[in-house]
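What follows is a set of structures for review.
Heads up, the next two complexes both have chain A, just with different partners, chain B and then chain C.
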Partner chain A sequence: MKKLITGVAVVFGLIFPSTFTIAAPPDDTFVVGLPTDTIGLEPAQISSRHTANIMKHIFGQLYSVSETGSIDPNLAESYKISDDGKEYTFTLKEGLTCHDGEALTAEDAAYSFNRVADEDLAFTGNSAGFVYKSIDFKEARADSEREVTIVLGGPNHIALGLIAEVYVHCKDSYEKMSKDEAASNPIGSGPYEFVKWDKGSQIVLKKAANPPIPTNFENVIWRVIPEASTRTAELIAGNVDMITNASPDQVEAIDASSTAKVAKVQGTRRMYVGFHQGPEFAVTPGGAAIQKPEVRRALQYAVNVPAICENLLNAPCTRMTGIVNPNNAHPNLEPYPYDPEIAEYLLDQAGYPRDANGVRFEITLQAGEGRYLNDKNVVLAICQYLDDVGVKTNCEILDWSAVYIPLIKEKKAGPMYFIGSGGATWSPLYDMADLSAPDSGPNYTKWMNEEWFKGWKVINNTNDEYIIRREIDRMLEVFYNEGPWLHLYFQPDFYGVSNRVNWNPRRDEKVDLFNATLK
Partner chain B sequence: MFFYILRRIPQTVLVIFGVTLVTFIALQIGGDPTYLFVSERASPEEIEETRKMLGFDKPLHIQYLIYLSNLVQLDFGDSLYYRQPALTVILETLPATIELTIFSMLIAIFGSIPFGILAAIYRGKWIDGSLMAIAMLGQSIPSFWLGIMCILYISLNVSWLPISGHVPFLMLIFQGEFIQAFKNLPTTITYLILPSFAVAFYSVSRNARLIRSSMLEVLSQDYVRTARSKGLSEYIVIMKHAMRNAWLPVVTIIGLEFGFVISGVVVVEVIFAWPGLGRTVFDAISNRDIPLVQAAVVVISLFVIVINLITDLVYAKLDPRIKL
Partner chain C sequence: MNSKKTNNQNIKDFLFALIKNKWALTSIIWLFIIIAIAIFASQLAPFDPNKNNIMERVAPPLTLDKQGNMKYLIGSDALGRDSFSRLIFGAQVSLIVGFSAVLVGGILGTALGVYAGYYGKWIDDIIMRLADIQLAFPFILLAILFLVVLGEGLINLIIVLGIGQWVTYARIARAQTISQKEKEYVEAAKALGVNNFSIMFGSILPNIFAPLIVIASFNVASVILAEAALSFLGLGVPPQIPTWGAMLAESRDHIFAKRWWMPFFPGMAILLTVLAFNIVGDWLRDYLDPRLKEVE
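So, the complex of A and B:
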């Protein structure tokens, strides 16, 4: 028996080293740890931020949004808009190539835009859905070897930024592939070429022979590591260079390590509590109360947003002044301060004094669980703050995908609901487009304010930047005073970054590795 | 035996039918998944168009009949997320799960046998007490916690084993790349040890207790006393005479265990970033990728049915009193 045990130990010792070390990534390779795998590699079908982040390294766009919010040339070097504002003509840079070795021409760009709209291919997601509907895409055509024109249904002030969300792919290769093949064999036009995708494990890219924009690392590997603590362990061990969605409760552990630090950034996702204005909720006491702008304004003072950020999100944050991200916000509006006394005073004035039980009115606040940073606890805290000023709040925490999202999308969540809405740094109008029309998809509150929607008519009928900005500011004042949102915060994002590399996060949840360097 | 296997086929078809029906109903209870496949700012028209494209606009019974008619042609439909045939996605991730399951089962079987036997032989002694205390612990610790602790102390602190990830072996074998597969094997095993241990620790503990009690019963039998009185060594008595009968309840448990291990690997695959079927199903359920979930459930059911069939056949082989 002893001989057997010794034999097994010797064999085991020969096969496996006494300490196992995975080599840190080579100097020319940047490794990212992601919580989820890509949802396919079809450039025309993108419905998640992680997928878009991978795709933007494989595929170029005509123009792309920079981290500061400027819209910069990418595959195109310039563009012009027709007098009627319906045609955007882009001139491609010279000498572009597809990853299949063919020259990248205007025909490829036009094909890419038309392919997204191809009804036979039935694409869904961001480009085929939101982008094309927003710009009322009609067609794309190649005017010459380097000029491609995108035709819209009408003038649109945010068209350029939306066109920047469409990825250019290579006609010859895509025409040869079936829909199934195209979903896992991306032939791109961007700075990195696709090497392989081990489903659920990793996506490997290498620098393209002729990258359209400069980039530093020769290889990029996107590793899928679903569990937050495992991602943290891989980062601390030096096996990955950057992790997204670092868990706030692991910030201390990462910062205490000698190998990595946490980079916190205030994101562009606007977190708010919606006040449903529809008649279906107006029959309830709470629903009726929040129909009054005075009550909505009073409740803005009742919630201590900085305390929520500090204690529940583990990051300081700026309270929203409205619907627009700070760099594009109204310059003179200040965030509502936390002042429960003012809240109580305004509620008294609005005709909602405390009754014998100390209650002004009862209301329900619905929320989904597991989608946003510490969402459940944030919602419970908001309910408690509202309770404190006499608004008896029934917190309903629901399953996100099965229950809450259908309620939200059908505009049946309420009378109050908690949600986040993705925003942007590149245009205030993009953020405001949540409420582009009374019946717009994301107008979950059914807010019908005439002053607000009148503003869109003014903006859509002028190209004068001054008039547009003036109207935006007027609309933001309306939103500040009478808006259907209880302003909360811009959701902070946490990235773990290895000390081996220089890499800075962006505010808009987009991940760029082009400027990353080795220290 | 052949006729026994033939008799099991209609049962299998019935089970699969039941599984598809239950899965379909369970997934539909979760509501219309269309909302997860539209952009954040989708308009009502866009939502309706997407619903039609995905086929969720049809009545439920029609959706189910379409699914069944495709299923008999082995068409599981396309994954809504990967936009590839669901069966392809499953077959790509299945080998990693089979690796994990087999390795876990090996640990569960060969880890529990010595523990169970030692505990039985040294009944009432400190060895028995210690082993049974460990077994009790093993049955109490959740696999996800054990997995995280293993990562923290074995991988991160002392760097004995990798933290997470997977190096393929079986997939390469299926693809005919034998040389690369066997080159990978030592590394594959180093990546397998921690997740397999996290999956198998519960089973080792339970099986060790089972083997102990089974051995205690067998060791008190007359034929064991006879074997000892004939002067056979204790090793021969235990391994040749006692163990064969002590195995019978264990074999039954091992058969059932495959189902348990496959369900147990879901959490462990998530923790160790193991790109297996369990995690694919977990993600598909979260993403409401109905065709993928249905295909995975059918494949897992078939897997468990086949393993149970093999268990029955092995049981009959071990116990001549059983006729199939």
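So, the complex of A and C:
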């Protein structure tokens, strides 16, 4: 009987873990529930949106991009662009301070930009891999106490928005720290000061003594709550003020509670399955098959994306036609329909008929778990759709932070992998910049298509809007026909928001708590 | 002839005692059913347990198809997989892991325990200190550590759970061996020149088997529970292999949506099977204890 009671207790303990252990937050504290922990707190090595969301509260940027695409002052109050479009000079606000107590000057800003590019430090995050490749960053220099100039390799239409993604940190503190020390001990320049990071549990911030932009709450706590049901339970119990990635299956329960509601927005994150084009996977049968554009095209017809949205994401969707968000997409491209018969026909034509066991070829599809909306189930559904057309797909669901992200960063995930890439509505070029160069950080598929990459020269060498749009559409057609992505959807985002606070989500997944208030 | 008669009498006694204890009888019948389900899973399951159909996800129990025939007896899961088929295949994993891990732990622990008890001195010290070290470490934490290092998979799970059980067998086998090794039959074997290995495993082991069997029956239950817990934590077997623990884990998101059937059926399967092993273990302990027999 004792063992029976223990067994029942274990089962119930596992079903309802730690629901009642944390007290409701005090009035001056905003608590966020996140599905995964951050990999590190190094401002030059950010590779996921939710880490960036934490970092933007600790670090200031020169400018920041609003949801609508306006470029708003942050640490800088004004900017000017040189006639040749290669130099951006920013003037910092007066009286800025670092969290180490030192004055924040142009020298700190220049140091921050140059540190990201330091080859010895070998950063590979969003700034080094995406921003710097896209703008062809050359150097940053301090022109005076408050003026810093960013030098690019050539003119770039979205440089200002991309520069806004680089976090400014403070030279004196960071020069003294090793790379490892800096990864867990951020000395910021933003509205909130780092207090502590209990790995796998929480990151605690308090309002800085001299915040560069106004903010309301005195403290912000980012709690790591991996299980969706536990996040929901914590929200309903009033222990957290906002949760990200609320499970679509729990929307009704949250809305029915008296303590919280779900805020749903159509996100700009592009969810896709990457077809790795690198030689390392071409030696496997499946890896070799997806080197062929005909096979990639055939697989587009095999997956019922609207059904995935409707059933697994609880949100009807229109399938993406490519890399760019709908408002900027190619006007004449139609999403690939779900038609397994066409998929089978095209696979036959591509030289991959079914064998005696009904299998055309075997392939592995890797994915991380917990980062995206219902990601594990979405991936298992995709594997089933591919199985149905004779592509025997081995689904590998991996730990997000410890296993999957390192594979992605090293471009070793594959031969197929599931991921989402943060997007924007303010420019098609921002979305396309994932593939700004063959060696750009987010080109995880190692796609080398010349027809795509030569388009960037055309775009960056003209200011003629008509020529730019024409070239964008040509590139999007190349991507549609031969691209390295299996097109999925733009992720809808579900945030659970406590009734005790006012907070509104953004479409681009950026979480701003600066304007949040207590009701 | 006499020996055959005694064996027949023993079996009769065993069955008579079993029939007298309704709880033990019910439990053994339940376990036989579960074992049969596990063996004939492929024949019994109405659907491929991994075939998903997201258009028919989270169907409630007793869902019929368009022709009015039973389709989802106990409902479908979040991917539209038939929960009944997954429950049936889950029995395979639970029992394979339960019996295999107990076998691994039992053989390893018994061998070491008999060695320690028979030889004593430094061999005993080393084996028992190893046992103490392992006992000082929380088992689930140890299992998580091993599985993170070795990676998930059925074989690794069996090894980890088996290694986790050896201490219990070693301590009991050692204590029993110490009490047996001074007895006349052991002295006689030594005097006849029988080697130590044959004495340990040919003479002593059969005489200490009863308590080990009792421990094993309890152990299967705890291993099934541990497998469920590890699968629940995502550290058991790969997600494609259906297990009761993984089914329970997958149902968490649906508790708030009041889809009671999703945790209920795998939960009941774990509960009833673990309960049955424990009841059988209790009964076996009483049945094999000569002192209790005398009282009766």
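One rule holds for everything that comes next: the second predicted complex is superposed on the first by the 291 of 519 C-alpha atoms of A that agree within 3 Å, B and C clash if a C-alpha of one lies under 4 Å from a C-alpha of the other, contacts with A are read in each partner's own complex, and residues count from 1 in each chain.
Simple rule for what comes next: contacts are C-beta pairs under 8 Å (C-beta built on N, C-alpha and C of every residue); 3 or more make two chains touch, one makes a residue touch a chain.
Source: prediction; values computed, not measured.
Undergrad: Determine, under the contact definition given at the top, whether A:Gly200 touches first (chain B), second (chain C), both, or neither.
TA: first
Undergrad: Could you tell me if A:Gly441 is touching chain B, chain C, both of them or neither one (first, second, both, neither)?
TA: First partner only, chain B.
Undergrad: Looking at chain A, does chain B or chain C touch a larger number of its residues?
TA: For chain A, the partner with the higher number of touched residues is B.
Undergrad: Let me test your reading of the model: by the given contact rule, A:Ser229 touches which partner, first (chain B), second (chain C), both or neither?
TA: Both partners, chain B and chain C.
Undergrad: State whether A:Ile342 touches chain B only (first), chain C only (second), both chains, or neither.
TA: It touches nothing on chain B or chain C.
Undergrad: Does chain B (first) or chain C (second) touch A:Leu380, or do both, or does neither?
TA: After superposing on A, A:Leu380 lies in contact with chain C but is clear of chain B.
Undergrad: Identify the partner contact of A:Met177: answer first if only chain B is touched, second if only chain C is, both if each is, neither if none is.
TA: Neither chain B nor chain C is touched by A:Met177.
Undergrad: Applying the touch criterion given at the start, work out whether A:Leu518 contacts chain B, chain C, both or neither, answering first, second, both or neither.
TA: Neither: A:Leu518 stays clear of chain B and chain C.
Undergrad: What is the contact status of A:Asn311 with respect to chain B (first) and chain C (second): first, second, both, or neither?
TA: second
Undergrad: What residues on chain A does chain C touch that chain B touches too?
TA: Overlap of chain B and chain C footprints on chain A: residues 15, 227, 229, 233.
Undergrad: Which of the residues in chain B come into contact with chain A in the complex?
TA: Residues of chain B touching chain A: 29-33, 35-47, 50, 53-54, 78, 81-85, 88-89, 92-93, 96, 148, 151-152, 155-156, 158-166, 168, 186, 189-190, 270-273, 275-276, 279-280, 283, 286-288.
Undergrad: In the complex of these two chains, what residues of chain C are touching chain A?
TA: Residues 51-55, 57-58, 78-80, 218, 221-222, 225, 228-229, 232, 234, 238-240, 248-249, 252-258, 263, 267, 270-271, 274-275, 278 of chain C touch chain A in their complex.
Undergrad: So in the complex, the part of chain A that touches chain B is made up of which residues?
TA: Within the complex, chain A contacts chain B at residues 15-16, 18-22, 36-37, 39-40, 42, 45, 47, 122, 124-126, 129-131, 133-134, 179-180, 183-184, 198-201, 223-227, 229-230, 233-234, 236-237, 239, 401-403, 405-406, 409, 421-422, 433-434, 439-442.
Undergrad: Can you name the residues of chain A that touch chain C in the complex?
TA: Checking each residue of chain A against chain C gives 3-4, 7-8, 10-11, 14-15, 227-229, 232-233, 247, 249-250, 252-254, 307-308, 311-312, 369, 376-377, 380-381, 384, 395, 397.
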